[in-house]
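Shared between the two complexes below is chain A, which pairs with chain B and chain C, respectively.
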Partner chain A sequence: MLWLSFRLGALNAIQYRADFMVQLFQSLIGLGIALGGIAVVFSQTDQLGGWRQEELIALIGVFMLVGGLIAVVIRPSMEQLMEGVRLGTLDFTLTKPADAQVLVSVKRVEIWRLVEVVLGAALIVLAMVQLGERVSLERVAAFAVTMLAGVAIVYSFLLILSTLAFWLVRLENILVIFHSMYEAGRWPVGIYPPWLRATLTFVVPVAFAITVPVEALVGRLEPATLVGSLLLAVAFLIASRWFWRLGLRHYTGASA
Partner chain B sequence: MSGTPEQAIQVRELRKTYVVPEREGGLAAAARSLVRRRTREVPAVAGISFDVAPGEIVGFLGPNGAGKTTTLKVLSGLLHPTSGEVTALGHVPWQRETAFLRRMTLIMGQRNQLAWDIPVVDSFDLNRAIYQIPAAEYRERVKELVELLELEELLRKPVRNLSLGERMKCEVAGSLLHRPDVLFLDEPTIGLDVTMQRRIRNFIAHYTERTGATTLLTSHYMADVEALCRRVLVIHHGQLLYDGDLAGLVTRFSPHKTIVIDLEPSGPAVDGRIEALVGSPDWLVSHAEDRLTLRVPRSETAAVTTRLLANLQVADVIVEEPPIDEVIDLVFAAGPADAQAKDAR
Partner chain C sequence: MRGLPLRQLVDVYRAKFRAEIALQFAYRWALAIWLLGLLLQPIVYLVVWTTVARSQGGTVGGFSARDFAAYFTIFMVVNQLTFTWHYWEFEWRVRQGFFSPLLLRPIHPLHNDLAENVTFKLLTFTVVAPVAVLLLVTFNASLNPSPWQVLAFLPALVFAFALRFLLEWTLALAAFWLTRVTAINQAYYLAVVFLSGQMAPLELLPEAVQVIAAVLPFRWMVAFPVETVLGRLSPMEVAVGLAAQLIWIGLALGLLRFGWRAGVRRYSAVGA
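Moving on to the complex of A and B:
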C-alpha cells in the first residue's frame, strides 16, 4: 500500500520537477543553518549540556531524517485526512476493502521531501564516522529500535490530533502547532528548562523521536528509557487506533 | 431479524439523526457560539424499512434533503445509524467487513474518487491493488469497460483535464472494476447532458443485467428512474411514503387521467353540447379550435371516452397518465400522514 502510494506520489511529483530544485535548495539551507548554529555554539564551548559536537551533528541528522519521514508521508496524509473529513471526500476511502487507517495514513506522499531523509541519513553516517569506535553494533541496533518507536509515537500522536477533525471539523492549524514544537527537537531536550523538557517529552512527544535515538547511538541511553520508549510506542499505537475507530463512528461526511 | 439469504438488503426501522451546530447570523452570535455551541438534532432518516431482493434495481425518489443520500451512506457502511437494523449481503454495513466492501460500490455524481492529478489508468491501477484483482481479470475488465464506455482516449489523461461527462464515465468504470454485487448510485447522472445521461444509464442497465447486481439508485432525473427501475421507494422528510412499482405510484397518487381529443375540422359545431357530454364542467381543462383537453377521475375515464367517441366526430384520441414528475410533486404535497393512510402495499 505504501509502495503504491509512493508510486502515485512519484507520478504526481514528476509532473512538477521544479519542486525538486526548490526542495533541495530549502533542505540545504535548513542544513546549513543547523550546522552553522552548532558551529557557533562550539566555537565558545566544547560541550552543550553534556553533548559534544559530533553528537549534536547526529542529533541534527535524526532531526532531519524523522522530520523528513513526517514530511514525506505522515503530514501530507494527515492534512488530506482532515480535508477529507471536512469536505466528505473521505467517503471513498471508507468504501474500500482495506484497513481505513492504513489507507489514510499513506494516502498522500510528497516525494521530493525524501531529500531531507537522505540528507539526514547522510549526516547520521557522518556523525557515526566521527564518533568512531564509540559506535557498536548494539548501539546501532538500539538506535534503530528507539527511532522506530519514536516515529511510531509521533505518527500516533499526529493521527490522534487529526482524528479530532471528526468532532471539530476544521482544525488545520493543529498540525502547525506540532510542527513548531518539532522544531524545538533540533536541540537535545536536556538543555531546555524543565517545563519545556516535560512538554517535549510527555505532551508533544518529540523527545522520543529525536533525543532518545541519538542517546542510544552515542551510548548514553539508560535501559529503562529504551523499554519505556517501546512501551510508550505500543501504548500510543493502541490508543491512536482506538481513537481513530471512535472518530469513524462520528463521521458524518459532508451532506450532499 | 436475521439475514435471510433471499434478500440482498434488509432495512428495519432505520433512523439517523444528525447533530448540527446552530447559531444566529452575525458576529456577536458567532462569538457566543465559541463559548457555548447550541446544537439541534436533525432527523435525516426517521424510521424506514424495506427489503431489496437480489438483482432488483430500486429507485429512490425524494426531494433534496429527504434522506436518500443518508440512507445510501448507511447502507454502504459510511455512517453509523442512530438506531435500526440493516443488513446488506448478510453483513452489517458499518462494521465495514472486507468481505462486504469487496462486493459493493458507491458512486456519487457529485464527488469524484479518481485522483485529480494523475492519469485515469493509474487510478484504476490503484483500485486493482486495493481490491486485489488478479492481473488477467483486471486487463480483461478494463478492456471491456473501455469498449463499452469508449474510454480509450481518456485513460491516459489526468482527471483534471477531463470534461464532467468524461470524468463520470471514468468514475463509473473505476468503481466497477472489482465487479461488485451491490451498487449504490447517488445521482450518477447529475449535471450531465442528455446524451451522456443516456450513455451512463444504458451502461448501468447493461452491467446489472449481465452481473445480476442489486442496485439502489437515486436521481432527480425521472428518465433515469423510468428507464432503470421497476420499483421505486419514495421518501420525504426521512419517511417512506411509497414502496412499489412506478405504475402503481401513478395510480395511487394521481387520481386523474388526461384525455385529449382532436375533432374533425369539417364536423358539426359542438360548442353547446360539450359540457353535457363531458359530464362535469370541472373536468374540462381547455377547448381550443378542434382540440379538447379533459382531466377526468380515473374511474370515469372509460365512460367519458366512450360517450365522446359516440357523439362527436373524432379524429384522434389520446388518454394518458399525467407526467411522472407531476405525480411526484403530488406525492410530496400529500405528506406522510396522507400517504400512510393510503398505505396498503
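Moving on to the complex of A and C:
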C-alpha cells in the first residue's frame, strides 16, 4: 500500500519537475547552514559535550535522513488527515476495505523530499569514512534498529497530535510545534539543560530519532538505551493506535 | 503615483493598525506556536556556545557563558523586531495578480507592508519582551550597558529595521522578473543566518567572513545594534556603524525606487 502511494506520488510529482530543482536547492541550503554551523563551532573547540566534529556531521546526516522520511510521507499524510477531518473527506478513506490507520498514514507522498533522505544517507556514510572507524555489523544493526524505533516513535507522536483534530477542528498549526522542536535535534540532546533534554526525550521525542541512532553508530550506545528505545517505540505505537481508535469513534459520532 | 499628504498617511496607518490587530487576534494560536519556535532558536545556539565556552575553560574569543546568554537573547529581540516576511509573499502576489488592487490605491504598496509589519512587531513584542527578560535572568546573562550605549542602541535599532525592511522589499521585487523566487529567497536567508550574527557573534567567525559581513549590509541589519548594547564597541566604532547604516539606507532607497519603477512596468506588461 505504501508502494502504491509512492507510485501515485511519483507520478504526480514528475509533472512538476522544476520543483525537484527547488527542493534540491532548498535541501542543499539547509545542509550548508548545518555544516557551516558545525564548522564555526569547531573552529573554536575540538569537541562539543564529548562529541567530535565527524560525529556531529553524522548527527546532521541522521537529522536530515529522519527529517526527510517524515517530510516524504508522515507529515503530508498527517496534514491530509487533519484536513480530511475538517472537510469530511475522511469518509472516503474510512469506507475502504483496509485498515484506516494504515491508509491515512501513507495517504500522501511528497516524492521530491526524498532528496533529503539521500543527502542525509550520503552524509552519514561520508562522516563514517572520515572517522576512519571500522563500523562493525553489530553497530550498523544497532543503528538500524534504533533508527526504526525512533521513526516509529516520531510517527506515533505525530499521529497522536493529528488525531487531536477529531476533537479540536482548527488545529492546522500543531505540527509546526513538532517542526520547531525537531530543529533542536541538530545538536546532541546531551548538551541541553535538563528541562529541555527531558522535553526533547519524552514530550517531543526527538532524541530517540536522532541522537540515539548516532550514538549507536559511533559505538557509544548503552545497552539500556537500546532496550529503552525499543520499549518506548512499542508503547508509543500501542498508545497511538488506541488513541486513533478513540478518535475515530468520536468522528463517527460527530458526523452522523 | 504621487505621495499623499502626511495627515492622510497617518490616517491610513491607523486604519491599517486596527485591521491588522484584529487579524492577528483571529490567528492567535498560530501566533503563539510561531513564537514558540522563535524562542527556541536562541536557546539552542546559546546552549551550544555555552558548552563550547565551558570546554575551553570559561571563555571563547572573549565571550563567557554569561556573555553568550546576553548576546543571543538580545539578538533574538533585535532579530524579531527587524525581520520581514514580505519577500516570501511577493511571488504569490505577482502570480495571482494580487498586486492589481494594491496598485490602484493612491498610496505606495510599501506603506501597506510597513504598517502590517510594525503592527505585528508591536503585538508580538508584548510576548517577546517578558520572555527575553526571563531568558536573561534564567541564564544569568551579563548585560550592563552604560547610558550612552543604550542611547546609541535606539537609533541603531531603528536604522537596522529601516535598512532591513527596504533591502528585503527590494529583494522581493525580483518576483516581477522571475516566476520562482524561492531559490533566491533561500540563498538570501542562508546569507542572513551566517552574516548577520545569528549563528555566532561575528567576532567568532573567520576574518574574511567578518569583512564580507561588514562590507555588505548584513552586519548593519542585526548584529550591530546587539554589539552596541552589549558594550563590545568603542564610541568611534558605534559612530562609524551608524554612518554605515545611513549610507546603506540611502543605497537601499535608491535601489528600491529604481527596481520598483522597472518592476511595475513589467507587471502591467504581463497583466495586459
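Remarks
Definition applied: the second predicted complex is superposed on the first by the 250 of 256 C-alpha atoms of A that agree within 3 Å, B and C clash if a C-alpha of one lies under 4 Å from a C-alpha of the other, contacts with A are read in each partner's own complex, and residues count from 1 in each chain.
In the analysis below, contacts are C-beta pairs under 8 Å (C-beta built on N, C-alpha and C of every residue); 3 or more make two chains touch, one makes a residue touch a chain.
Model, not experiment: these values are computed from the prediction.
Contact with chain B, but none with chain C, is seen for A:Leu4 once the two complexes are overlaid on the shared chain.
In the superposed model, C is the one of chain B and chain C that contacts more residues of chain A. Look at A:Ser136: by the touch rule set out above, it reaches neither chain B nor chain C. By the touch criterion defined above, A:His179 reaches chain C but does not reach chain B. Of the two partner chains placed by superposition, only chain B is touched by A:Thr89; chain C is not. No residue of chain A lies at the contact with chain B in one complex and also at the contact with chain C in the other.
By the touch rule above, chain C contacts chain A in their complex via residues 29-30, 33-34, 36-37, 40-41, 43-44, 47-49, 51-52, 55-56, 60-61, 180, 182-183, 186-187, 189-190, 193-194, 199-200, 204-206. The touching residues of chain A, counted against chain C in their complex, run 18, 21-22, 25-26, 29, 32-33, 36-37, 40-41, 43-45, 47-49, 170, 172-174, 176-177, 179-181, 183-184, 186-187, 191-193, 196. Those residues of chain B that touch chain A in the shared complex are 18, 44, 69-70, 73, 76-80, 96, 98-102, 104-106, 108, 110-111, 113, 115, 117-119, 122, 126, 129-131, 186. Residues 1, 4, 8, 11-12, 15, 88-89, 91-92, 94-98, 100, 103, 249, 251-253, 255-256 of chain A touch chain B in their complex.
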